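Next, two complexes with chain A in common: one pairs it with chain B, the other with chain C.
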Partner chain A sequence: MEISRNQFKEKIMKLVFLVTAMASIIAVIVICGFLFVNGVPAIKEIGVKEFLLGMEWLPMQEIFGILPMIVGSIYVTAGAIIIGVPIGIFSAVYLVRFCNEKVYKIVKPAVELMAGIPSIVYGFFGLVVIVPAFQTIFGGSGKGLLTASLLLGIMILPTIISVVESSLRAVPEHYYEGALALGATRERSMFFVTLPAAKSGVLAGVALGIGRAIGETMAVVMVAGNQPIIPDSILSGVRTMTSNVVLEMGYASGLHREALIATAVVLFVFILLINLSFSALKRRAD
Partner chain B sequence: MKMKKFLALGLCAMMAVTTFVSCGSSDSGSGEGPTGDITVVSREEGSGTRGAFVELMGVMDEEENDITTQNAEVTNSTSVMMQTVAGNDAAIGYVSLGSLSDDVKALKVDGVEATVDNVKSGDYKVARPFNIVKGKNVSELAQDFEKYIMSEEGQATVAEEGYIREDNTEEYTASGLSGKITLAGSTSVAPVMEVLAEGYKALNPDVEIEIQQTGSGAGIESAIAGTCDLGMSSRALTEDELAQGLTVTEIATDGIAVIVNNNNTIEDLTTDIIGQIFKGEITTWDEVTK
Partner chain C sequence: MSKISIQDMELYYGDFQAIKGISMEIPENKITAFIGPSGCGKSTVIKSLNRMNDLVEGCRITGNILLDGVDIYKEMDPIVLRKRVGMVFQKPNPFPMSVYDNIAFGPRTHGVKNKAQLDEIVERSLRQAAIWDEVKDRLKKSALGLSGGQQQRLCIARAMAVEPEVLLMDEPTSALDPISTNKIEELASDLKKDFTIVMVTHNMQQAARISDKTAFFLLGDVIEYNDTDELFSNPQDKRTEDYITGRFG
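Up next is the complex of A and B:
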């Protein structure tokens, strides 16, 4: 009697854990389903070529071409990576090897705090600080590709720093000591022995950074200018896929709304491709 | 050693760029009126404010398509619009008259100042209706709320909030109904609707009112689908939308102010020139001041 009751409890709890474990998978499947069911018919109606390669976005005239937004997302993300990755990796190297404990105690919590700042606050900071500064330095409106890239570069720092830092710490100490024993300087041992040994962690950090940058919305929408054109200089305005969706979703109806969901489908495919190619890279690196 | 050289070189390059660029832009600011490229700031496609603005300023081609220049900055929020224009000497944009503040300067359009009185008298032409939209099956409660909005008391609130009221009003007496009203739609209408809802609830304490800010298009759609009791729209309805059996009530009129930076010396522009600026036919302030 007692045993069967325990067995029953055991079964119930197993089921509970199974359901919780399934929750995230179910969420992903439902989101995928929603996106594709709503987005794919719109892409078909507009025409795959017209949608993906169209240069003009005029929703009121039912012209839906998202090439400027695709290019915009790629440019802005690339800019963020160019700014954020070197700073992130150097910061992590500094935190792991070259800074004293006092500095570490200040810098580390500061980096963690950065990760906790809501993106709308970053956006507002960009709008009232970076935009006027760029206006005086470069002229023009101050909003655009460079502003968005700089802001995103700052925003992805905490992700990159913490992932790279932990992967650097996971490299056995004797790699570094061995390099020193062979006569390499501290910098050389760090950058040519320890860092390559932590390659897969560094790649993971960069991948997470790209994921965050390409998916970031609220901050970008405030500083990018959001012109649906392919930028012709780094100061030109740019609209990313995410900002396209968030800008117009509130008022959109009919095919316009479906085209926005289809934009999200394209973004989703992009993120999927990035994740897949990085896991392939990582497998080769390991 | 190498590192230091590199750093020094980088710094030098940066300084050079800074001086070069600041030289380039320092020739503006002297003389009469603003110079240089105009930064055109627009609202997003589908926004009620934008829809009304392009129609009134003639930013349209023969088929009534919105032809705002693709080089215009786009924002979906009034506060970003205000911040952008307040922080950029060369910017021009537009906001609802109700959200205008001293941070920016409202231009006269065709010589008429953007004030509530001028909109009411019809002298200031850049104005649009605030509508509430009813589907086919409207609850008694929602109709009672509409009656309140159109009453003397409701319209007094509309005027207090900085919008232009309707004049033919009737007395409203509390109905004593209870229940819940859901409104959805325009983010421009929502602020005044919040205040109206408070006033209504003070008279009818058993009523709950929920206001969802989804945008004009979505609000009209929910009214058609019946997912809300009343839709809010800050633009006139399209024929397609009216064909779905909706009833429209105009609850107020809102002016749209054309705004520039406070440092801009221009006070007055014609509809034609504003239209050309937003069409991208005029791109520099020099062409405007000529």
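Up next is the complex of A and C:
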């Protein structure tokens, strides 16, 4: 009697766990379904080539080319990576090896706090601090590719620092000691032995950073200028795929609305590709 | 002529005194073995000889340790010291990179960039460590794919690639099988003509087999330090005798 009751309980719990585990999978499938059902017909109607490679985005004239936005997203994300990854990796190395406990107790919570700041606050910071500063330094509007990249570079720091820090800590201490024992300096031991040993963790951090940067919307809208053009300089205005959706979704209808959803489809495919290529890289690194 | 001279060395971890004022002369081109039960301070002393204890927070050393008459704590840069005094660890710790890069890491650190010169150092070091024939066809493959015994000989080769004068070995065979252990012992006996070797070992037979001098440590003190034959056949101290006859430890 007692045993069968326990078995029953176990079965119920198994079911509960299965359902909770399924929840995220179901969410992904539903999102996929929604995106493709709503977006793909629009791409067909506009024409795949016209949509993906079209240089002009003129909704009033029913011209929907998103190449400027694709390029914009890639540029802004690349800029964020160029700024954020080196700073993030150096910060993580500092936290793991070179800072004393007192400094660590201040820096670590600060980094964690950074991760919790809402993106709209970053956007305000960009608008009120970085934009005027760039106006003074470079002239012009102060909004554009460089501003957005810098802001995003700051925003992805906490992700990169935490992931790289924990992967550096997971590297056995005896690699570091072995390098020191050969007469290497602490910097050399860290950068040429410990950091390469943490390669897969570093790659994961960069991938998460890219994911966050390419998907970020609010902060970018506030500082990027948002002109749907392919930027010709780092000070030029730029519109990303996410900005494109959020700027126009409020009033769009008909094919325009569908074209915006189709923009999200392209973004989704991008993120999928990034994840796949990084997991492939990671497998090779291990 | 002694290579390393330890004079009234005391070592503290915070308030705890781990080494209680030891003095010892370590001769050149000989194997000196440190034996004693766990926690007796033999590893602590060997780590002081290339200043790996600097990494331990709260570690403090008094007295003098001289290498060729120069005080390694007061008059020498640790980078220079560690180039001259190499170390092989208890657990084989090849870097997660290719066999070639493992050996080349040290020379590259010290500024050797020429490819031909690196090739030559890699081959010479691997030959010295008697592992060349086993790895010559897989120099570009990861060192982590080697067996434990091969990894340890690789680490010895890596240490020798920077051409040290002294080789410290901290229980180099404790993680290895008997055949690999035998190879390392033969290697050590062979290497002493070019290097001064200091070895910590748990294994008294090992000390008796290959070392020229032996120091018996107990509770942070050197109880007896003598020629190996003498120490094992005619121990002066009752505690040494008890230990080597297996009455404790």
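Throughout what follows, the second predicted complex is superposed on the first by the 280 of 286 C-alpha atoms of A that agree within 3 Å, B and C clash if a C-alpha of one lies under 4 Å from a C-alpha of the other, contacts with A are read in each partner's own complex, and residues count from 1 in each chain.
Assume a residue touches a chain if its C-beta (ideal position, glycine included) is under 8 Å from a C-beta of that chain, and two chains touch if they have at least 3 such contacts.
Owing to the predicted nature of the structure, the values given are computational and were not obtained by experimental measurement.
Visitor: After the match on chain A, would you call chain B and chain C a fit or a clash?
Guide: Here chain B and chain C can both sit on chain A without a clash.
Visitor: Which partner chains sit in contact with A:Gln7 here, chain B, chain C, both or neither? Use first/second/both/neither.
Guide: neither
Visitor: Could you let me know whether more residues of chain A are touched by chain B or by chain C?
Guide: B
Visitor: On the A-aligned overlay, A:Pro228 touches which partner chain: chain B = first, chain C = second, or both, or neither?
Guide: first
Visitor: Of the partners chain B and chain C, which touch A:His174 in the superposed model: first, second, both, neither?
Guide: Only chain C; A:His174 stays clear of chain B.
Visitor: Answer with first, second, both or neither: which of chain B and chain C does A:Leu182 touch in the superposed model?
Guide: Second partner only, chain C.
Visitor: Does the superposition put A:Gln135 against chain B (first), chain C (second), both, or neither?
Guide: first
Visitor: Mind working out whether A:Leu127 is in touch with chain B, chain C, both or neither, as first, second, both or neither?
Guide: first
Visitor: If you take every C-alpha pair with one atom in chain B and one in chain C, what is the shortest distance in Å after superposing?
Guide: 14
Visitor: In their shared complex, at which residues does chain A touch chain B?
Guide: Contacts found on chain A: 56, 58-61, 127-128, 131-132, 135-143, 221-222, 225-229, 237, 239, 246-248, 250-253, 256.
Visitor: Write out the stretch or stretches of chain C touching chain A in their complex.
Guide: Contact set of chain C toward chain A: 50, 52, 55, 79-83, 86-87, 89, 91, 93-97, 105-106, 109-110, 155, 158-159, 162.
Visitor: What part of chain B is in contact with chain A in the complex they form?
Guide: 18, 21-22, 24-25, 36-37, 39, 44-48, 65-66, 70-76, 80, 83-84, 87-88, 90-91, 187, 213-218, 220-221
Visitor: Please give the residue numbers of chain A that touch chain C in the complex, ascending.
Guide: For chain A paired with chain C, touching residues are 172, 174-175, 177-185, 188, 192-193, 196-197.
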